[in-house]
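Below, each structure is written out as structure tokens.
Next, two complexes with subunit A in common: one pairs it with subunit B, the other with subunit C.
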Partner chain A sequence: MEHLLESLGRNMFAIFGLLALAGALFMVASKRAVHSVLGFLFAMLCVAGCYISLDAQFLGVAQILVYAGGIVVLFLFVVMLVELTKYKERDIFQNQSRLAIVAVLAGVGAFAAVFRRAFFGAASSDALVLRPELAKGLDVARQNAQAVSRGLFADYLLPFEILSVILLVALVGAVVLAKTERV
Partner chain B sequence: MVSLNSVLLISFGLFSIGVAGVLIRRNALVILMCVELMLNAANLNFIAFARHSGSPAGQAFALLVMGFAAAEVAVGLALVVALYRRRDTVQVDDINLLKG
Partner chain C sequence: MPPMTLLQTIVMGLIQIVAVLIVVFIMVPLLTFAERKVIGYAQVRLGATRTASGRKGFTASMNRGMWAMGKVPVLSFFRGLPVFIADAVKLITKEDIIPAKADRAVFTLAPILSVVAAFGVFAAIAYYPGVMFYMPKNWPLIGGLPFNGAIADVNVGLLFILGLASVGVYGIVLGAWASNSKYPLLGGLRSAAQIVSYEVPLTLSLLPAVILAGTLNFKNMSVILATGQGMSPLAVIPLFIGFFVYLTCGFAETNRVPFDLPEAETELVAGFHTEYSGMKFGFFYLAEYANMIVVSCLATAFFFGGYYLLPFGLQRIIPASVPFLGQPSFLFFMAKVSLILFAFIWVRATLPRYRYDQLMEVGWKYLIPLTLVNLFIAAVIRYAF
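What follows is the complex of A and B.
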């Protein structure tokens, strides 16, 4: 039992990553929009698990708050708002989907060549293993939020402020776009 | 021990599923979700490289990307709602206003 738990802890990233892939596939393949949103929610939660297993605890929790708490609820509201059931019987995929799948497979093949070099070529040494001593810069677990905020508010203050302007513009734009014509 | 290659593989899988979804689905809502998925794949790479290099810059930028994704979803969903009001559809191949 302990051995099982230990191996689970060691393979936490792989487990969450594969579950995220499964959720993403379910999202793309499911017929109804609500099921797609549920697959999206599952994938986002698993990606949050991946973040936590990569020593980004603050970002993992932020991911759960922003995606599961905000964006998925927003999607569900819009799914509820627009009547989707009348499209249920129609084909969910585009007419050109065969061409699209060929294009995606070509991209996958190109990347697979790159990955094959990374895994079996000269560069496949243990230099690419994430080493624990490097995580000290991220101040694992206790002070991860401190490390992130130092990066955000000291080194990258300008992008942060620009993001706040973008959020304001998006807020105003969403209100203008979604308001009814009769005012 | 997580190897950087496995993180890159998972993130590549998420990204390609997102690209495939954007290309083959008809529903505008699902397309928006797939775009979010691609942003998350990029975020996963940011965090993996931050973990690899030991500097918090990657995590800070992942947080910025998350805020950007929230803004994008707000505007995108407002567009979908406006489109549904005007054209009574959210299927992208019914939207052919610019078609000659």
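What follows is the complex of A and C.
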């Protein structure tokens, strides 16, 4: 019993990862948009589970708070408002399967290039930290929030700010698109 | 003591979960009874005074006798209490109707999501700092193990609670959509907009407490905010403002009067649960009351002094050597939770419902700026004093 539980605990990451993949598959395959959103929600919750199984509790909970609690709700809101019949949904959302397969393959290729080292080569023993002196004396497993904030606001401040600018651009773009449509 | 094995951890966790569930399942029917009574007295009525048991029986004859003497049956104050058993039996045995054109799977999933989100939150709430008692030594497997005041001592407990609570909105939105009916859909859309809007000031109103305590752990936050270790006396100001903003947003999050627009019966029949019956409706009902208890627990722990007698760091006045009053106690926690639950019912009996545009105006134009200013004050106090 004890042995079984222990192996279960060790493989939690794989279990949640597979569940997340199943949720993503359901999202792609389901015919109704609301079911797709549900699959997406499930995948997001499982990704949060992955984070928590890696002792990154802050990240996992933030994942639930931001994605499951905020972004997917807005998706659902829009899907419910649009309220398409089954036939129309298939016409709009699922008529680009060839293009989608090409895009997915390209994405897989890109990720494979990134993860090649991790899968086949020797990974570096330490995480990439630009200013290690800031992380000194920090118990990362117990002080998740502090570790993340140091990463964001000290080590990777510039990428973080650039990312927020990209989000701002997306926001402005959305507003522009919505405005021009109405005229 | 040797470290607990995984099996022991899981068994103790299950025991604690069952204990918390029992307390909540006792509190919810008591709360419905209290609601009948308090609203009754607020409207100069008596509230529930009897359990209809036909013309025979002890209760019935007592009541008849008192009325015949021209007196209000004072003894029957608690005689309306057994109604909750009838309520529960009714909800469980009632026919479970699924509308013909509803999306069956989602229609079933919605109340489940609501209840899971509402009850999952109780895992991270600490009812007592540290160990409440130890299991008896002679019990197999779990003998001598500590029974903690919290099911799980999560180091980002507050975020965990906010995250799970924000998942609760799916129950309402999906239930509304799956009913495939006009009024539930309108109610669900309103509710989604309302809950997503009020989540922002709710979270922001808790941030001053986080800044002043310097941790996200539920238990540590509660203890620090009550005893005021390293906190300036000025910290009372942001906490006091935060408490009222939090309570306001809590009312909105739990869909209670004066923010119960999702189920405004004059406009939307019953809002998102119009098409629900039987235990599926019961789950929504249960989730609403469980959410009320959660909001009360959070308000108690962060703004009301939690397990200590005095809030806002005033506990410093009483030295820890004083028996009972100077010590943390489960009783203080429950008493304060009850007090805030009473406020929930009190407000319901007092205030009329907001109009929809007023609701949004209060949320976005007043509460969010107020919380931002409050956050600034808290940061200044933390930094400068």
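Keep this in mind: the second predicted complex is superposed on the first by the 104 of 183 C-alpha atoms of A that agree within 3 Å, B and C clash if a C-alpha of one lies under 4 Å from a C-alpha of the other, contacts with A are read in each partner's own complex, and residues count from 1 in each chain.
Everything that follows uses one rule, which is that a residue touches a chain if its C-beta (ideal position, glycine included) is under 8 Å from a C-beta of that chain, and two chains touch if they have at least 3 such contacts.
Quantities reported herein were computed from a predicted structural model and do not represent experimental measurements.
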May I ask you to decide whether A:L74 touches subunit B, subunit C, both, or neither, giving the answer as first, second, both or neither?
both
Kindly classify A:I15 by the partners it touches after superposition: subunit B alone (first), subunit C alone (second), both, or neither?
neither
Which superposed partner A:V148 touches (first subunit B, second subunit C, both, neither):
first
Touching A:V34 in the superposition: subunit B (first), subunit C (second), both, neither?
second
Return first, second, both or neither, reflecting whether A:M1 touches subunit B, subunit C, both chains, or no partner chain.
second
First (subunit B), second (subunit C), both or neither touched by A:A62
both
Larger contact residue set on subunit A - subunit B or subunit C
B
The shared contact residues of subunit A with subunit B and subunit C are 58, 62, 70, 74, 81, 144
The answer for subunit A against subunit B in the complex is residues 10, 13-14, 17-18, 20-21, 24-25, 27-28, 33, 36-37, 40, 43-44, 47, 50-51, 53-56, 58-59, 62-63, 66-67, 70-71, 74-75, 78-79, 81-82, 84, 87, 90-95, 97, 100-101, 103-104, 107-108, 111, 115, 118-119, 124, 128-130, 134-138, 144, 147-148, 150-152, 155-156, 159-160, 163, 166-167, 169-171, 173-175, 177-178, 180
Residues of subunit B defined as touching subunit A within the complex
1-10, 12-14, 16-21, 23-27, 29-30, 32-34, 36-37, 40, 43-44, 47-48, 50-57, 59-64, 66-75, 77-82, 84-85, 90-91, 93
Inside the complex, what are the residues of subunit A that reach subunit C?
1-2, 5-6, 9, 32, 34-35, 38, 41, 45, 57-58, 61-62, 64-65, 68-70, 73-74, 76-77, 80-81, 142-145
The answer for subunit C against subunit A in the complex is residues 5-7, 10, 103, 106, 109, 154-156, 159-160, 162-164, 166-167, 169-170, 173-174, 177, 185, 188-189, 192-193, 196, 199, 216
